[in-house]
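Just dropping this structure here.
We call the chains A, B and C, going by the order they appear; numbering starts again at 1 in every chain.
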Amino acid sequence: MSGLFIVCLSGQREKLQFAAMTASVAAVSGTEVSVFISMNAFPFFIRGHGKEASAEGAMGEIMAQKNVLSFYQIFEQAVELGDAKVYACSMAMDIMEVKETELEGIVSGAMGLTRFLSDAEGAQILIF
Amino acid sequence: MSGLFIVCLSGQREKLQFAAMTASVAAVSGTEVSVFISMNAFPFFIRGHGKEASAEGAMGEIMAQKNVLSFYQIFEQAVELGDAKVYACSMAMDIMEVKETELEGIVSGAMGLTRFLSDAEGAQILIF
Amino acid sequence: MSGLFIVCLSGQREKLQFAAMTASVAAVSGTEVSVFISMNAFPFFIRGHGKEASAEGAMGEIMAQKNVLSFYQIFEQAVELGDAKVYACSMAMDIMEVKETELEGIVSGAMGLTRFLSDAEGAQILIF
């Protein structure tokens, strides 16, 4: 009912790309979108970290060759044009010893899983 | 509320098998099921492409040895017996340069992500 | 509406860890949680089977080094403190030729996919 909640765990190109496209499409069409970044998706949102994700299969390899907009650029668009919010999982930050000031500018801030699940109560949650 | 929306991204046997079983069980019990095929799940739905998915782990290997109905056969049943609809992601078709006439018969047609998400508004979406 | 339904398919540490944390957080905060164990997540719930899942990426490796509570311990907490229910997929049991008496004590019993999907009708379903 109240928005779309996207959880990114995988560090693979295909999953990140599809998650980003979903966030972008939904945000631009007026849905409130919250993206929760954890596990192997998390490092890409640390400032200065590379934004190239490794491919899981043939589709990821072809996307890497062709000039497809990268997942990171699509997330940027979702935030800038569609007002999607990207949150970093506070547990992932603890484990990797990353502070909030070290995160990329498109990240709105740190969030705990408890808060995220509470905000997402009754809404659509997609796990990537 | 209005149906079950299944997104297949992974090209691995276990994920495809479970997605197909879910589509089949739901469709046969009267739920309207829409399956959206993209990323590494997409090539299996190109006419003439092999239908053997590689195993992610022990379960996929055992399923390959035993005479378990394949994910593709289960999707066929979901479409034939349960009236599930299978749609090919138009972005995946563009990237792989595949035309609608080259898709398998169980695919109802091409669909964009925007349309799929709009149709799925407020309903259950499962990402595989 | 009625509870949170979690499906564990992946045998990778990151996915299992996040699924377990989600189950635990939701259960402890009063949500009815049902966890359905299948595919490569299933063997970990056979009595005596190792509880170490292999890492998918950097985060899983760091978690393995640090003294993070394991996914299995978190599932135990979800069951003991939060009254979450863990069910073994009857199809996975058939394929692996495992009987209900061979399952770990935290598993409430075997369940078919048809029953699980029926129980989950209209509720949040998360696929890991």
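Convention: a residue touches a chain if its C-beta (ideal position, glycine included) is under 8 Å from a C-beta of that chain, and two chains touch if they have at least 3 such contacts.
None of the values given here were measured: they were computed from a predicted structure.
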| item | value |
| --- | --- |
| Category of the chain touch graph - line, ring, star, complete, other | complete |
| Chain copies touching (chain A, chain B) - same or different residues, decided at half shared | different |
| Angle, in degrees to the nearest 5, of the Cα rotation that carries chain A onto chain C | 120 |
| Euclidean distance of C-alpha centroids - chain A vs chain B, Å | 24 |
| Per-residue multi-chain contacts in chain B, two or more chains | 124, 127 |
| Chain A contact footprint on chain C (complex, rising order) | 1, 14-15, 17-18, 21-22, 25-26, 29, 56-60, 62-63, 66, 68, 124, 126-128 |
| Interfacial residue positions of chain B with respect to chain A in the complex | 7, 9-11, 38-40, 42-43, 91-92, 95-96, 113-114, 117-118, 120, 122-125, 127 |
